[in-house]
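Going by the order they are written in, the chains are A, B, C and D; count residues from 1 in each one.
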């Protein structure tokens, strides 16, 4: 068989020289998963709109059954699959093309939000089972991460209804915070974690979109 | 003139004996604001569905032009107006009626999310100007706070289209965390802050729904 | 009778325009406590060595039975009586006279550390009982706060053996962090807390240096 | 030549099934370092007094020129060499023999504190240079970590004056916090970090106790 997980990672931004997302994602390019799946990696620019255009082109070219976009979440200690993408851009800092949109929609006229189609609770359970710190997140922020996540879900809704897709945030690499107090995660562990994310999402796709686990990932705020 | 801000606060939950939301909100009951406005306070139960029913009844009775629901955000150090309500219930702990829904919609068939109609950036600017710690939040969680917030926005969309409404999270009171390490905020400061929130929202309503400030409140994640 | 608690507070430093320590301490000047005690407040400069010289002069003039030095602990959410002062200056930022000592002793030839003579566990218990967030701290840092604390304990050891003395760190005021995420504490609550600290220390002095409570305030790290 | 770094790690405590200290330290047993040095690893029990007795026996047997005790610092994101050991035991939880001392001295009649003899700023600089998160810490807590650190420095002061010694705290392993929010560090990175700590300490010993770097590691509190 011939099934593909398309995985994207951003280039560096915000003064960083590496982005753990692309560092991890490109190491998974070509990786074979159980059940006849292969990971295809794609770099995307940390740029509003252009990132979605690159994603759209890649989806058309690769024809994946599963798409997982990956981004850096500075300050988080865990791998965090995101629950929901919201239709807003609100940039604290400029993107890599100098754009800094404030309270603009990702897609004018699009719905206020999209929920992921990934089995995020199954994914978190599998990561923890493997000893990898993980949790569901209820906000992907309002920067390019949320932007491509919303763009992905809108592409799925309007052009690729059969695709399972979502977004996963990952921590800083240790070398990014060697002199700071923020938490980090070793690259090897992130790579292992993202491979597991892809494998669980692929298996769920094979199972015809089985229901996610009925376990709480709730937060009071 | 005769204009009303309806303000709601929850009863205690999660083992707490007070809820700072109701402690603060009930002190504002009857408070007159500039421009002919009065605050009307309403307690709501920390119970899925019932909280929205109580809110709906109060909106029909009070006929407010502005509605501000208030809830406790244990662990936050600031007053945080919420940007977006999402159509999901995912309870980490049971509500006060013993219900613990997992991944159910607040309103079956409702949109995935609603954005607040409060001028949240204007509110945050006014709070900071007054020396009160404040920030926009991009997640109201998945418990009863997000639930009533979504319910409010759905009531506005379907029954009260002229109403400006939203949700504000507040910190613990000092006595709730006397032996813990979480941040807190004195009741007097919360009351002053919420009065200011109501005043800014009322003024924006008077101004016919003027645009919010074009300043960033963005977060990368 | 005529007994005095000398309480000191620093002037602002590090770019701040207020220092909560002096804001709170000067409000307690002249405050009468049970048992014939009066609080005498003294400002001290945020300057290495000079702060201790001012403290020494004040102790000679006021002739207190109890001395409590107070300083700002940016980032802490609680009132934290300090357990131990160490014989080192290591300044991350210059003091208000432009000095930035690195790894110099507070008192050349002095002992490596002094333990406080205040009943810090009794104090924490009283603060919590009053609903004020509090905890014992095991590090006063390496800046002017630890410096004056060590200086105080050395003055007690060498010149005023009958004095009970120690150091208390307090949080930021809300207006100092209106636009930041750090925790804060309202000035009224800090003032109430410090008055309680003075009262408990005064009572312990009256009791002839009774033993502190045998309750844990331990930390693994 | 024949020079030895003795490195100790605790067994698990507090409900954990592994202790990252021993996990990392035992992997370094026999490791050769530049300049004719070898690491000798020794497990110590998480027990007051007994841990120091085991350390004392090992120092007599191994005859090291450098001793580095290692312990877990749950909640820290960095490798943190400790600056100072204090003469107090104050246990929040019982040790592995059920003892829970409160405000007892480590060594009755011993000095209030000892400063480390390791070049902690040189060590932190080397770790950061290697991309490993690191910082000087000013408190080793009041549990068995501080206890063995104080015991080590007292043994050096009284029996082994030629030895350079100190204590290093390390983060949780990822699998310890797979379902929690605390930061962690991969075992490989900890092992690499501790080897570097040993190498820098060994080189400083070879250099005859050269002065530490004159860079700040100061904290206001």
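Note that contacts are C-beta pairs under 8 Å (C-beta built on N, C-alpha and C of every residue); 3 or more make two chains touch, one makes a residue touch a chain.
Being a predicted model, the structure only gives us computed values, none of them experimental.
Both chain C and chain D are touched by no common chain. To overlay chain A on chain B by their CA atoms, one rotates by 180 degrees, a value rounded to a multiple of 5.
Mean C-alpha positions place chain A and chain B at a centre distance of 30 Å.
Inter-chain spacing, taken between the CA centroids of chain A and chain D, is 39 Å. Chain B and chain D have Cα centroids lying 48 Å from one another. Residues of chain C in contact with at least two other chains: none.
Against chain B, the residues of chain C that register as touching in their complex are 77-78, 127-135, 174-175, 177-186, 188-189. Interface residues of chain D, counted against chain C in their complex, comprise 14, 71-76, 83-84, 86-88, 90-93, 100, 102-103, 111-115, 137-143, 145, 169, 212, 214-221.
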